[in-house]
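The following blocks contain the structures, represented as structure tokens.
Each of the next two complexes has chain A plus one other chain: chain B in the first, chain C in the second.
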Partner chain A sequence: MLLQQILNGIMIGSVYALTAMGATLIYGILRILDIANAGAYVAGAYFGWYIYLKTENLVLAFVLSMIITGLIGVLIHRFIYAPILSKPRILPIVPLVASVGLFTLTGDLARLIAGPGTKAYNVDFGVDVINIGKLTIVPAWILIIVLTALLFTVLWLVLNKTKLGLAWRATAEDADIAKAVGINTNSAMALSYILGYGFAAAAGIMVGILYNSITPALGEVPSYKMLSIIVLGGLGSPVGTVIAGLFIGLVETMLSAYNLTFIPKDSVAFVALILVLLIKPSGLISKTNKI
Partner chain B sequence: MGNYLITVAVNIAVFSLLALSLNIIIGYAGQSMMGHAAFFGIGAYTAAILTNKGVNFWLALLVALVISGTLGAIIGVISLRLRDDFLAITTIGINFVLVAMFQNMKLFGGSLGMAVKPLILFGKRATAIHFLIILLILILLVCMLIRKMNRSWFGLALASLRGDEGAAQSFGVNTSQYKILAFIIGTSIAGLTGGIYAHRMTFIFSSSFAFVVSISILSMVVVGGVGTIRGPLVGAILLGAAPELLRFADDYRMILYGGVIVLMMRFQPQGLLGENSFVMNKIEKYIIPLLKRKGGESNA
Partner chain C sequence: MKKLLALLLSFVMIFTFTACSSGNAPAEPNEPGGKEQPASTEPIKIGFFAPITSPAASADGLSAENSAKLAVKLINEAGGINGRKVELVSYDDGLDTTQAVSIAEKLTTKDGVVAVVSGSYSGPTRVAAPIIQNAGMVMVSAYAIHPDVVNAGDFIFSQSFPGKVQGRAGAEFAVKTLGAKRIAIIAVDLDFGTELGDSFKAHAEANGAEIVSYDKVAISDNEFTPIITKLKEKVKPDLIYTANYYAHAAEVVKQCRLQGLDVPILGTEGADSWQFLLTAGDHAEGVYITTNMNRDDKNETVQQYIKRYREEYNLEPDMVGASTFDAFQVLFEAIRRVGTDPVAMRDAIASMTDFYTVTGNLIRYTNRGEAVKPVQIQRVENGQFHYFGEITDLNIITPDE
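And now, the complex of A and B:
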């Protein structure tokens, strides 16, 4: 029973981490809270659904949807965020409001184009459940855990082993200095959006497959849960985001499995967030000592 | 038709008060408050519970004001410890947690919402027009308060605080005290508005105080013009009347709403009527000289 819940929690937690990763990568570079990342999650789920409907090829659905959503992210940065951030002396709330506007737009565009009803993925894995001893595993869980691990490995390799990743880390450290020593900060920003929005798209498809339904309101819960996860992870730290995502996933599953919730499950993340902010404002994993 | 217009006007008046009060926190004190609707809700539920227990309406409003102001003071204290982004997320969180509480606790009527005892004024049940008059008087008072505030030491301190907090502190401005005060004033006005709203609706749901509502209020402030009195008022009128005017295009309403917000932030982050905005520059260039010339002629 406990093992079952832990597995459950890890599965939910890895979706959370994947969704929040985009927001972390973008915060790391641009220092803005991009709620529109939850819009990428919705858009990705719909693109994936449409491609899977037409081709019946799940790999193609994942790859194409991630690429399309990632490219939309680059365009959004190029034509909306970059001009906003280049203005001197803007209120800190301006980019945040813009991202809320973008998020509203995505959800409603999905509703207008695909219709307000739920859409089903109907992915057939061949078996319904796999039983190992007392453990019950749904094939979609394996897909989610394996794919998330794979994507995070790719992210780790890109950030730590490539020149582009070095540019990303340098820009995240200090954008002005990075520019001054000749690093192409624009490509680092584009990388944030391609990877970030792409990951959110993958997370959207995973959730679509897991619950076998997507609606235009799909992004509402992730839009705010994502925020608490990136803060718990220490804002802008990819490793912290993974840990925080898994942590929230596990806590939520445990609390609802053992009926310990006095508050609704979805607000657990925020209660944790408010407590952590008041006790340790730099987040669970602080990166203040990093050079 | 007359009733319909009054209903729309009441709605706009409620949002004008909310936008004006949010602007005190965001525009004047420069704090990223993203959960204003929570305080609107606290006021609404407080006043509703009290009048349902037989407390006088005006006394209930006063208690609603005090309670939301006190909770606002707590957020103010929290804001001293958190930077912009963290404060924004925390206030979003508070909004979500509070709405979840409204929705799940018996005290607040649970998911079915809560009936509110209708207000009796001068022996008769109050109608929309009474509420409109009360709200308009309040708007006038709040505008006067903000004007007075801006010209006082408090207003100057807030201006220095949003300009450069460190510099303000080094000149001996007690920024903490003024920040908390701005939060108290803003949230207590929101609470008061909530109390009136609850009695106007006579039935309240948790969804009326959700994060989406906070975003609507925020949009009114930023579309109109942050840090001015005219801005939030014009924003509330424009965005408050838009759903009614756009009834025929009901399907595209949220798209327009989202699109307008994105375009405003992209091209006019200071708002339509903010300092140095497109509209204000045009007014200063064409209309003010016109008025001046007229004034000059009459003098001569």
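And now, the complex of A and C:
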């Protein structure tokens, strides 16, 4: 039973990490808490659902939806965040308010365009479950864990082995200096949005497949849980986000598995957040901006 | 850049605001107050609210609104009530209690409606009820489950049986018909799950069954794997009672079947939706639910509703829709008998007996304004809900008076 619960926890943790990664990448470079990432998660889930409905090709659904959502992210940055942030002495709350507006807009657009009812992916993996000894594995879990690992590997490679990644890290360290030494900080910011919104879209599709249901309310829980995960992970640290995501996933699973329901499961992330802020205010991984 | 930004942001804001407050803003009444209805040809206005724009509740809001419109359309097709047409004054409460208060104020002071139907959840209905009661206006709540709704006073009625009755009927069926002895309860941690879960537990235990686990799950939580793993490996129940809404109920059913926990599953009216069948797919086969609508009922009222609903909206009707439709039928019947005087309407509803609705025979109303109705047991066969049984024992289905 413990092994099974650990597997459950890793699966949920992977989804959390992937969902929060977008916000981490954007915070890392722009220093804004982008609640609209949860909107990208909703949009990605709906794009993926529509593409899968039309083509029955899951790979295509993932790739196209991630690209479309990523590009929307670039546009949002170009036309909404960049103009706000270009103002001198802008209050940090302004981009936050804009992102909340964008998030609300996404949910309402989804409702108005696709309708309020549940949509289902109905993905057929061929087998319902794989049993190894007493361990039960649902094919969607394998998809989630493998795809999350794959996306994070790609992220690591992009950030550490490419020039663009170097530009991203330099911009995250200090945008003004990076600009002064001739780094194209705009493309670094665009990279944040492509990857960030793309990852959120992938997370949205995964959750849509896992629960076989997407609704306009899909982004409500991620919109706040994401925040605690990125703060827990040390605000802007991709590795920290992965660790924090897995940590929250495992703790939540253990709580509901062993009837430790003295606190609601959803508050785990926030209790952890409070503890970390009290004990180690810089987050689990304190060297921010480093991968 | 400044202008562009201002433009974009204002667009976003306006959009968000309009999206929050859409719904049909009703026209101002012609005469604000003190009017006696001189012309009996004037339309009868009935107030209505449902959660249309709340992302989490908008699917139920749509079912409710669709059914409200259908009820009005059908009565007008049949020539209205006593020769007068019916007009709907519809609001969106956004599942927001503040919004519900101002809606109740408008309905009771400005809109000139003769009665109100709530097509919303317990939250908004509970805060609207006292305002409507104080205004001396009749309100029929379609499916809100919290006891405070009818407790607001003698003008407030519930179209359906209360949660307590449904939980009791579920336990009766689980223990006596399915022979369950070790039952695991999973309930949503809201009024809905608590009312049903607690009354199920009490009645099941009183009949000799053991409640081996009772898990409450937050509405925001979609992950049931840990609970089902625990049930399968440690608790080993012989029946699972899921007092959850459709998304959670589907997840319970799916996880049980995927993990190979092959015990009977009994759901509630919360799972009575095409969305449950869609999300759970083949795994839903054989699942039982307690609800108020019997889709296999040969009665003409029932079949006409199902047929017309499908035709009008290209959707499958559900419990929320049927209950809303019936709340209107109760009002229509009262107006047909006594006209639109609020006190006479109240008394007419309170004394209604054996009135056949889409959600079954309304035997009578209790002194608290709750309906005495048989509880339906439906079972999923070939991807559809079908008749399996009915709890008609008055000791079970009569709410506490």
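Methods note: the second predicted complex is superposed on the first by the 287 of 291 C-alpha atoms of A that agree within 3 Å, B and C clash if a C-alpha of one lies under 4 Å from a C-alpha of the other, contacts with A are read in each partner's own complex, and residues count from 1 in each chain.
Note that in this section contacts are C-beta pairs under 8 Å (C-beta built on N, C-alpha and C of every residue); 3 or more make two chains touch, one makes a residue touch a chain.
Please read these numbers as outputs of a predicted model, since none were measured by experiment.
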Is A:Met1 contacted by the first partner chain B, the second partner chain C, both or neither? second
According to the contact criterion defined above, which of chain B and chain C contacts more residues of chain A? C
Taking the superposition on A as described, I'd like to know which of chain B and chain C A:Val138 touches: first, second, both or neither. second
For A:Ser228 in the superposed arrangement: first (chain B), second (chain C), both or neither? first
Let me test your reading of the model: by the given contact rule, A:Phe125 touches which partner, first (chain B), second (chain C), both or neither? neither
Between chain B and chain C, whom does A:Trp156 touch in the aligned arrangement: first, second, both, or neither? neither
Can A:Tyr50 be said to touch chain B (first), chain C (second), both, or neither? neither
For A:Ile80, decide between first (touching chain B), second (touching chain C), both and neither. both
With the two complexes superposed on chain A, say which partner A:Thr253 touches: chain B (first), chain C (second), both, or neither. second
Touching A:Pro92, do we find chain B (first), chain C (second), both, or neither? first
Common interface residues of chain A - those touching chain B in one complex and chain C in the other: 80, 83-84, 98, 101-102, 104-105, 107-108, 112, 264, 266
Show me the residue ranges of chain A that touch chain B in the complex, using the header's touch definition. 27, 31, 33, 80, 83-84, 87, 90-98, 100-105, 107-109, 112, 224, 227-228, 231, 235, 263-264, 266-267, 270-271, 273-274, 277-278, 281
In their complex, what parts of chain A are in touch with chain C? 1, 4-5, 8-9, 11-12, 79-80, 83-84, 86, 98, 101-102, 104-105, 107-108, 110-112, 115-118, 120, 122, 128-129, 131, 134, 136, 138, 207, 211-213, 215-217, 220-221, 252-254, 256-259, 261, 264-266
Contacting residues of chain B [partner chain A, same complex]: 26, 30, 32, 34, 78, 81-82, 84-86, 88-90, 92-94, 96-97, 100-101, 103-104, 211, 215, 218-219, 222, 226, 251-252, 254-255, 257-262, 265-266, 269
Enumerate the contact residues on chain C facing chain A in the complex. 1-2, 4-5, 8-9, 12-13, 15-16, 19-20, 53, 55-56, 58-59, 61-62, 189, 213, 215-218, 220-223, 225-227, 229-230, 233-234, 246-247, 250-251, 254, 257-260, 274-275, 278-281, 315
